[in-house]
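The structures come next, written out as structure tokens.
Each of the two complexes below includes chain A, the first together with chain B, the second together with chain C.
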Partner chain A sequence: MKIFWAFARQHFHSTAIYRFDFWMRVSSIFILMYGTRWLWITLYSQRPGAFGVSLGQMVTYTVLSMAITNLFFTGPPYYMAGQVRSGAIDGDLLKPMDFHFHMLARSTGEMIFRIFTITIPGMLAGYFLFDLQLPASVQSGVMFVVAFLLGYLVNFHLEFLLGALSMVTLEIDNIDWAFHATTRFFSGQYVPLWFFPGLLGTLAAILPFRSIFFVPLSIYTGVMRGSAITQAILFQLFWAVILFIVSRWVWERVQLQIISQGG
Partner chain B sequence: MIRVEHLTKVYQRVKRKEGVLGGLRTLFSTEYETTRAVDDISFHIDEGELVGYIGPNGAGKSTSIKMLCGILVPTSGHIEVNGLVPHKERMTNALQIGAVFGQKTQLWWDVPVIESLRLFRDMYKVPEAQFKHNLNLFNELLDLHEFQNTPVRQLSLGQRLRADLAGALLHNPRLLFLDEPMIGVDVVVKERMRTFIKEINHDRRVTILLTTHDMTDIEKVCSRIMIIDHGHIVYDGNIEKMRAQYGTQRTLVVEFEEEVPEFSVPHATLTRTEGKKKWFAFNRFETNPSTLITYVSTQYPILDLAVEEPEIEAIVRTIYQQLPASVEKAER
Partner chain C sequence: MNGFQLYFRLIQISLLSRMQYRANFIAGILGLVFWNIINLGLIGVMVTQFTSLNHWTLWELVFLYCLWILCHSLYSLFFSQSTHMEDYLIEGTFDQFLLRPANLLIQVLGRELQYIEIADMLIGITGIGLAYIQLNLQWNAWLWSFFLVAVVSGAVIELSMNLLIACSAFWTGRSRGSFIIANQFYGLVHQYPIDIFGKVFRVFVTGFLPVAFMNYYPAVLLLGKQGQLGSAWPLSYMSPLVALLLVGVVLIVWTLALRRYSSSGS
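Right, the complex of A and B next:
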């Protein structure tokens, strides 16, 4: 556990250097919150009752989605591809740490850092300025945290697999773009999945991506209740375990290639 | 401490084609070229030894060090580092070794040096008392406190290498691999790092393998020297033995009272003339200085003279030049 804090501490230090980048990030979150709130207010004023949930729930869903966006995409693919390109991967492999765990610690350290510097201020601003409501109930609040952590693990492993792929192909930009477009769409980051019709809806229900935004946000807003929550969490757990196993299997092979070909 | 038997590493890479279309053809190529980076080397290093590992660029030094660190798998042969097979027990091996690669830093680029060291402490699970004790030692010997709060990217090269050295030693490794740790630093820092390396070796009994291109490092620091070229170890022994074996050529420098014409001396060759001075090279097994001096003094009046020992650099150059250059081309 200590190692997670150790990495979080590193991010506090490096962010002190990239201050401009940090403030840009914070302000872009605020702009997105503002924009998404106005979008839904406008849509609801045109067709009230057409969206299945109340305006308050809808705005809460999307504003909260913006506040937690940065907790997910912590960038392991870029780090992993960069390390192989520059040869610095040698330094990582020299450490008495499993590389997969190292990446998890690194990524989680950054996530912890962002909770304090981006998400909490973002949620406060959301509460006071952008109509972000409190969790639907205490149970919703607690299960939201559980679902968020599972969603985080699912996303981390998807990103880790992408990183492992980029270590072999040495390419990242295009794959990363396609990956994020898919993730953002099927995870319900901007548009909740209950709007997805027919086949698209089925696809979104099967794929692991809905673990990332849709499940925690639906629980928080109270759209998902009771046994549906248990089912959704089991779904997340299932994908987290599958992706963990696949990550281990893939990494064993990628590592073997790196250490037999010399990076 | 280190046992290496018949170690071989062959790299296989897709053969690149030249030109613009060549780049495209490389995409579909199934042709591979192989390079024998390390070819059947064997050596043993005992605990507490400080071994200089030298050789021309591309000789296989870094490849063999990476195999000893466990981050590269040998093609064939056997390695044992303090009882462990590095690439099979990479993480356990990582706890007993430290490594500095002069070309690239292992510290985090954006954060102050001290924060990088704290992260190392957590990764290697170094006890707090040992961490403090080592920091004090590094402050004393490497002046770490002067730049410990500066981010790594703002350090001078000399400071960065000292910080890397501190990072590699934080967990009290039994073995230290230094791959060109003093590349490009000034004489003062160099001298300080040499002293530090010697002290670490002497006081803590840390076994050290040092790669360098600076023969002064070897002369001042190492007790044993291994020369590798084209993947083969061509010399392994101490420096005195190397001098005796290869450094047979000496030079007699004579300054005459006035400029004198060229003349021949038995068993010696005139290599250089500069004003009143002349340089005569001779093999110490064929003749000796006193015979030469006696002979020369009968020819012309002498003002001053000196016998030059061969420099270690010149000896190494001789060894490099004697090597067969055909080994690499014989591959494919």
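Right, the complex of A and C next:
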């Protein structure tokens, strides 16, 4: 934990440089919250209470989704690809810290930093301006945090695997783009998975992506309750463990193959 | 060599240098196709569950989306370099341009052909074609010509807006942030009809950052949905006018920007 804080502190220290970046991110979130709120208000005015979900829950789902988006995608794939391209990866491999853990610490440090600088302001704005409701119950609130952390781990490992892949192919942009498109669709970031019909719904239920947005957000809004929460959390845990093992296995092999460029 | 010849010569050079990376090119095309299918898929899932989006049916939304893509691909294919002005100013590349005896704007724009955008163009044309059939549209010669003019106008509008934002770097030194913000607006207007949003938003994307003229307003006319606009129906004809107006503004701002320029010294 000390290491995570160290990385988070490091980010705080460089805020002065990133102040501009911060304002851009926050403003972008506001615009997205505004847009997505209107979208669902329009859709729900056509068919109130669709799928047994109230308009308030739906708006909360989607506005909160925008507020937490920045906590994922903290950029390990770009870091890893960049280090290989510049040759600086040598230094990372020499550090007396396991590389996989180093990436997790970096990423988590950045995530903690963004909770305070982006998500909390975003949630406050969401609460006062965009009808973001409080968690459905105390239990929902607590389980949301648990589910979010598990979702974060699932996403981190997917990104780590992506980074490892980019270290071999020496290409990141297109791989990352395809990954983001898939996440966008199957994670429930924009459209909750209860709207997915037939085969698409089944596919979304099996793939790990729903751990990232759908599970935490459905819990927060109270759409998912009781034993469904336990099941969903076990699902996330299952994928987190699988992806952790796969990441270790892949990294063992990739690190022998890295061809450092530049330097 | 006149401006056009020079532009195409520059493009030819950049193409030759890029063709070395063929695998990357193919991966890029697949990536673009995939990205657009996902976006349309999300709209599809939503609209299937709710039958329509403020009286826009699925295929009308596909048309709206693809009209934007088509304009954007035309812009992006030839002029995507306009967004890199900031880098040129900071890295001092702009000084190189100034030393060459050729038009500056052409040098900036001719640096690269974003040939991957061919994929976007094909997606746009396919989507519009499918929507045309599904919606049983029967355009007469006038609507066909308006469609073509609207696509070119859309590309000019995006080019002008981006150049204006890029030119702000001459004063502020930075334009990346403004691009990030503008892109959020582009994204919303690209995917959804603006009549679902509040009034402030609609006024903003009509009068200040006129991205709605790229797809929404022409689509309203081309799909015969002018009822959506009420008394604001003349706006559906205005894309070409807006494009011309913006070009005028860009030329003025560009002249002012050059007068203002001082090298970064690096």
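Here, the second predicted complex is superposed on the first by the 255 of 263 C-alpha atoms of A that agree within 3 Å, B and C clash if a C-alpha of one lies under 4 Å from a C-alpha of the other, contacts with A are read in each partner's own complex, and residues count from 1 in each chain.
Note that a contact is a pair of C-beta atoms (placed from the backbone, for glycine too) under 8 Å apart; a residue touches a chain by one contact, two chains touch by 3 or more.
Quick caveat: nothing in here was measured; it's all calculated off a predicted structure.
*Asks:* Look at where chain B and chain C land on chain A after superposing the complexes, then choose clash or fit.
*Replies:* Aligned on chain A, chain B and chain C fit with no clash.
*Asks:* Given Cα centres, how many degrees, to the nearest 10, is the angle at chain A formed with chain B and chain C?
*Replies:* Superposed on A, the angle at chain A reads 90 degrees.
*Asks:* Should A:7 be classified as contacting the first partner (chain B), the second (chain C), both, or neither?
*Replies:* In the superposition, A:7 touches chain B alone.
*Asks:* For A:230, using the defined touch cut-off, is the partner it touches chain B, chain C, both, or neither? Pick first, second, both or neither.
*Replies:* Neither partner.
*Asks:* Does the superposition put A:95 against chain B (first), chain C (second), both, or neither?
*Replies:* Once the two structures are laid over each other on A, A:95 reaches chain B alone.
*Asks:* So, A:196: does it touch chain B (first), chain C (second), both, or neither?
*Replies:* After superposing on A, A:196 lies in contact with chain C but is clear of chain B.
*Asks:* Quick check for you: in the superposed arrangement, does A:257 touch first (chain B), second (chain C), both or neither?
*Replies:* A:257: touches no partner chain.
*Asks:* Contact-wise, after the overlay, does A:182 reach chain B, chain C, both or neither (first, second, both, neither)?
*Replies:* second
*Asks:* After lining up the shared chain so the two structures overlap, which partner does A:137 touch, if you call chain B first and chain C second: first, second, both or neither?
*Replies:* Once the two structures are laid over each other on A, A:137 reaches no partner at all.
*Asks:* Any idea whether chain B or chain C touches more of chain A?
*Replies:* Counted on chain A, the partner with more touching residues turns out to be C.
*Asks:* With both complexes placed on chain A, how many Å separate the closest C-alpha atoms of chain B and chain C?
*Replies:* 6
*Asks:* List the residues of chain A that touch chain B in one complex and chain C in the other.
*Replies:* none
*Asks:* Quick check on the complex: what are the chain C residues that touch chain A?
*Replies:* Where chain C meets chain A, its residues are 24, 27-28, 30-31, 34-35, 38-39, 41-42, 45-46, 48-54, 174, 176-177, 180-181, 184-185, 188, 192, 196-198, 201.
*Asks:* In their shared complex, at which residues does chain A touch chain B?
*Replies:* Listed in rising order, the residues of chain A that touch chain B are 2-3, 6-7, 9-10, 13-14, 17-18, 86-88, 90-91, 93-98, 256, 259-262.
*Asks:* What does chain A use to touch chain C in their complex?
*Replies:* Per the stated touch rule, the residues are 20-21, 23-24, 27-28, 31-32, 34-35, 38-39, 42-43, 46-47, 50-51, 171, 173-175, 177-178, 181-182, 184-185, 190-191, 195-197, 200.
*Asks:* Which of the residues in chain B come into contact with chain A in the complex?
*Replies:* It is residues 11-13, 63, 66, 69-73, 87, 90-92, 94-95, 99, 101, 104-106, 108, 110-112, 115, 118-119, 122-124, 151 of chain B that touch chain A.
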